[in-house]
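Per-chain numbering from 1; labels A, B, C, D, E and F assigned in written order.
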Amino acid sequence: MPEFLFGAALFILGTIAVGLVRILYSRQAADCMMAAQLIGTGGVAILLLLAVATDTPPIVDVALMLALLAAFASVAFVGGLQGKASAQAEDHRK
Amino acid sequence: MLSAAADQDLRTTTALTRAIGFLAFWLILSGFKLGDLPAGILAAACASWASLRFLPPGQSKRHPMLIAQLMLRFLQQSVVAGFDVALRALDPRLPLAPGIAICRCTSPMGPLRSGFCTMASLQPGLLPAGFDADGNLVVHCLDVGQPVARLLADEEKRYLRALGLEQHHA
Amino acid sequence: MAAAFDIGLIVLLVGIGAWMIVVRDVVVATIIFVVFGLLMAIAWVRLSAVDVALTEAAIGSGITGTLLLGAAARLKGADAGGTRLSFPITVVAAVLCAMISASLAAVALLLTYPAPTLAPMAMQNLDQTGLGNPVAAVLFAYRALDTLLEKVVLLLALVGVWSLAPDRAWRGVPSLDTTVPPSDILAFFAQILPPFGIVFAIYMTWTGASNPGGAFQGGTVLAVMWLLVMMAGVMRAPSISNVWLRWLLVAGPALFLIVGFTGVFIADGFLAYPPAYAKALIVAVEAALAVSIAATLGLLAAGPPERMQQK
Amino acid sequence: MSVAAVTATTEGYLLVLAIMWPVAGILVALVVNGRNIERVAYIVLPIGFAIATAVVMAVAQGGQSQIYVVGGWAPPLGVALRADGISAAMMMTTAMVICATGLFARGEFVQPAEGPEARAPYVFWILLFSIWSALNALVLGSDLFNLYVALELLTFAAVPLVCLKGQKETIEAALRYMLFALIGSVLYLLGAVMIYGLYGTLDIGLLSGRVRAEPATWIAAALMTVGLLAKTALFPLHLWLPPAHAGAPAPGSAILSALVVKGSFFLIVRIWFDAMPGHLSFAAAQLLAALGAGAILVGSVLALRQQRLKLMIAYSTIAQLGYLFFIFPLATGFAAGIVWSGLAWTGSWMQLFSHAFAKAAMFMAAGLIAEALGHDRIADLGGIGRKLPITMFAFALSGLSLIGVPPSGGFVAKWLLLIATINEGQWWWAAVIVVGGLLAGGYIFMVLGRLLADPLSPLVIRGAVSRSRELVALSLAVCAVLLGLVPLQPSDFLRIGR
Amino acid sequence: MSSTMDAFTVLAISCGAFFFVAGTIGLLRFPDVPTRLHALTKADNLGLGLVALGLLPQVAGPLAALKLIIVWLFALISGAIVTQLIVRAVR
Amino acid sequence: MTTATLFGLCSSALVGLGLFGVIVDPHPLRKILAFNLLGSGVFLLFGVVARRGAAAGLGGDPVPQALVITGIVVAFAATALAVALVLRLFEPEAGNAVESEATSAGLEVDGGRS
């Protein structure tokens, strides 16, 4: 079974890699934001597979951490962009 | 408006419900161990406090059964959505007609409406993309041929009924 | 199959790292770095370092992302380009770096087995610390001095960041808090996610004594949650002269220091614990540290105060 | 514990106290309202000084290293602290310069009498405590990773000190300093990792017994050394130093030039003389000294060409740091076939200490002059010496020590190094030492001449200069000169622990 | 029993992997950012769900299984929210 | 090839890439990014050392693992300080936020701008 799980993890890693190449190749920030999302979902899947494959339950915690925080990169981008812009606008108004 | 006492009651009930939920989350995280329980209770208390502070209790009557149904539907829809997108992606003809649809949205502003948007974003082919100037929901869809407005209105009705809000917006 | 997975992961890591160096746009490079951090978490899992994987996932994705993406977005308009090095110098630098890489690779290939290790010694003494997680024992018992000093480093970095505030904004707030419309989805996210984040953070801190996890990881999750509510405008950023805030910053290191000096009287010396109370003391210190780390990391990512609080 | 080599000595607790006392100061300073922060300093500085004195006494009386095993966990698992002769002497120098700087800074970093807490004083005092703690940790540490943390502590305290004034140029200087320092510490860490991978310990004492002569060890040591050289600003990695040291406020410059750059130098010595004694090859030692010679010549020539007083002093720091690197070819004892030569050893440390006092005094004097005139253009300094005679005297005394005029600490240092070059048969370094002295004479007398000259236009004094601050600068300069009274022979105290 | 469970695991995970592939193909073929977002989140979330489902029989005890579900739920919800954030930023 | 050796090669590549970026890239923020890449490479080498030291029932030597955690946090602090410096240096309004000599004593100039 571990062999199969590792294989599945490698397979998903491959799909992530292809997706990343596609996303990052466009070199537009908006497109690139999807990359974090892609890694978020795919990385969680890989970690879950590894947790079972190596029989190390704490790895599920890493997956949970990733699921909780991977979204945060995009939030930081969007929030940071809008937030800083509006804060600056506010500052300039005064 | 509810009276102050009833308001207090509601707060307590909500706090307790949420605390139990967070404690369940803790138990799932750490497994059931008696020695861990004090920390779990502390965590649940902190989380409920934060949750009450960020998201004050609504004043409507929720229907647990309907909410459970809603959750199931939510999961089922996300499965259907996955199939939908996979079929479109793998179809050699690439059957896409992406576009924007404007829908009326009756949920009250704030977290309730955001919650509805989040649910809607898991519907097959739909992706809420903010609101226009009149407060209507802007939806990006994979196929503008879908009856988007009707679909969403149905979903919203279900959503509001489960949250006990339909009487306000009938 | 496991080796094939490792090779795939390594190729992806190096490829993404190289991409980050060559790509033109700063914002894109930053996003690539965040992606790189997420992949590093998987690499740490493959190296049987789950504690580190948790740290990398928390710091690498969550908080570094906020910091760097915010900075990249702010610098977009500014002309921040320095002088480009001339081509010959670039070539020399490339050759130099390649040489360093090659020598490191040679060392990695030539290292012999059995490798020196302190693992048996760390396990032998684990009982005396009352802990079940050897990494936590290293951090809070065997090499507690490093951990304590590192906390001071964090505080000092924060003082350094604050010192960059304009004089008029000293005692002001970082410009992280924003006003977003109440229906905004970001606010919604900031309303529902943090309570779960808090439970997870406390779980991380608590479980760190016996399983992978600990004050760093828990504190970082808390910090990320705090940043989220501040960025979404659900909670306001505090003034840096807030008394409570300063106590929070100091609480962890101060308790650590006090416990350390108590060890002189009740145990073998500075930063020693009596075996009977070792676990309780360490967990108490970790709990306080988690709060302080959360405050420090959050404020570090938020940056120096830039304007006075609006009343 | 498996290794019995490390046992704590009775006075060892002082070592922990020396590091942790300023840390306690940082924590208290962070929470007290900024208004009370100077009061905290009045408590931290004298007690810290007393701790340093006690350590020196303990080392001198015991005649051996003082050791403390933190938490009772002996290396390699745990971390030990160790005070030998050089670390005790470094601690004393640090304590003296820091306390003097504290006294000097009272006039500059005060909270305004009215109104809320202000930025600069709040930050300055915290940074001062941090630098003290970091330096003590650096000279007492005997674990490569513990030393890494101490190095980072030092960097994070030093960088904000550079741009405390907040002008664009100083921020630029701070950023450049930061980048150099970060690369430096990462390279150091890389080397330390390899050492652990090879020998399974980071403890310097244990390493000295385990280190084998093999390529991987040399790569690791080279990486660590290069990283530390970047932090020490040895030529040609000196580019960050002049703007950083010249841009900081006067007390900051004094600390940065007198102490901070020496921290990483101390660590290089620890690596080559304590962690891997006898592994420094003749060629590598010559290379280090050649870089030092380059620093002396280039630094001095550039100092001669500066228009601004603080920049001139900063370039002089680069030159004076160069002398320190003669310790590698001269003290290793290549000629005699012994591991060690006391003459050059003492000379190099004397150079370090006397330069610390002299340079701190000189930056303070320059700060006072700039405060009085509102600028530090050397060409327009004419006549200020008559208005500020004490300051000028402090500048002159410290200048004499930098040149190496007897009787001064600088003279003893350079004389011992000269003799060592003859003893070791490496006469070529003697030429560099002599030329360096002449060039130093050039730039010092150029400024002194200006200070005493008639003003081109009537001098406008912008603000009254406090007499007590002048005296602080003078007393440090006097310390530099008094060091010249030590006997011209290898010092026993500096040999303690080796 | 065990082999039935293993067969279930293999089947579910293979299906999950299939949806990851579908998501990536969508990324490659779909014309613009919003449509690619559809492909990314919807397909990958389903893939992750199936992977988690397939792993359920392999973990010890019901709480550990619930934890896998929880991981999926969090990924699902945060994915749904992030998608909206991105599409709003792009629009 | 063991896992440790493979990741050792990975770490050496990352160190080279990061160092190259730090030296060559003119943009200060990207220098910081490259520094982080370099740091990741160094930490990864720590991880390799830890993995090689697997013994006593552990998958890795806990000492280097703990040191990496400390190192990651320190590297983050360094990044935060460097980013703050870069922002202060390059932001459009940084020019007028620079204090004049008169205000550097720390007096609040505009009374809180409330």
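The working rule: a contact is a pair of C-beta atoms (placed from the backbone, for glycine too) under 8 Å apart; a residue touches a chain by one contact, two chains touch by 3 or more.
Since the model is a prediction, treat every value here as computed from it, not as a measurement.
Chains making contact with subunit A as well as with subunit F: C. Think of each touching pair as a link: the shortest run of links from subunit C to subunit F has 1 of them. Relative to the C-alpha centre of subunit D, the farthest chain centre belongs to B.
Distance between Cα centroids is largest for the pairing of subunit F with B. No other two chains have as many C-beta pairs in contact as C-F. Averaged C-alpha coordinates put the centre of subunit C at 31 Å from the centre of subunit D.
Distance between subunit A and subunit C, defined via averaged C-alpha coordinates, is recorded as 18 Å.
Centres computed as Cα averages put subunit D at a distance of 58 Å from subunit E. Residue positions of subunit E touching 2 or more other chains, listed in rising order: 23, 37, 41, 45, 47, 64, 67, 70, 74, 77-78, 81, 83-85, 88. For subunit C, residues touching at least two other chains, in rising order: 2, 46, 74, 100, 104, 107, 111, 115-118, 122, 142-143, 146, 150, 153, 157, 160, 164, 166-167, 170, 185-186, 188-189, 192-193, 196, 200, 207, 307.
Subunit A has residues 16, 33, 40, 61, 64, 68, 70-71, 75, 77-78, 81-82, 88, 91 in contact with two or more other chains. Contact residues of subunit D toward subunit F in the complex are 77, 111-112, 115-116, 118-121, 145, 148-149, 152, 155-156, 159-160, 163, 165-168, 171-172, 174-175, 178-179, 182-183, 186, 189-190, 193-194, 196-197, 200. Residues of subunit B that touch subunit E in their complex: 25, 27-29, 31-32, 78-79, 81-86, 88-90, 94, 96, 98, 117-118, 121-122, 124-125, 127-130, 138, 140, 142.
In the complex of the two chains, the subunit C residues touching subunit D come out as 100, 103-104, 106-107, 110-111, 115-118, 121-122, 125, 141-146, 148-150, 152-153, 155-157, 159-160, 162-167, 170-171, 241, 243, 246-247, 249-250, 253-254, 257, 260-261, 263-264, 267-273. Those residues of subunit C lying in contact with subunit E across their complex are 185-186, 188-189, 192-193, 196. Within the complex formed with subunit B, the residues of subunit C that make contact are 182-185, 187-188, 190-192, 194-196, 198-200, 202-203, 206-207, 229, 234-235.
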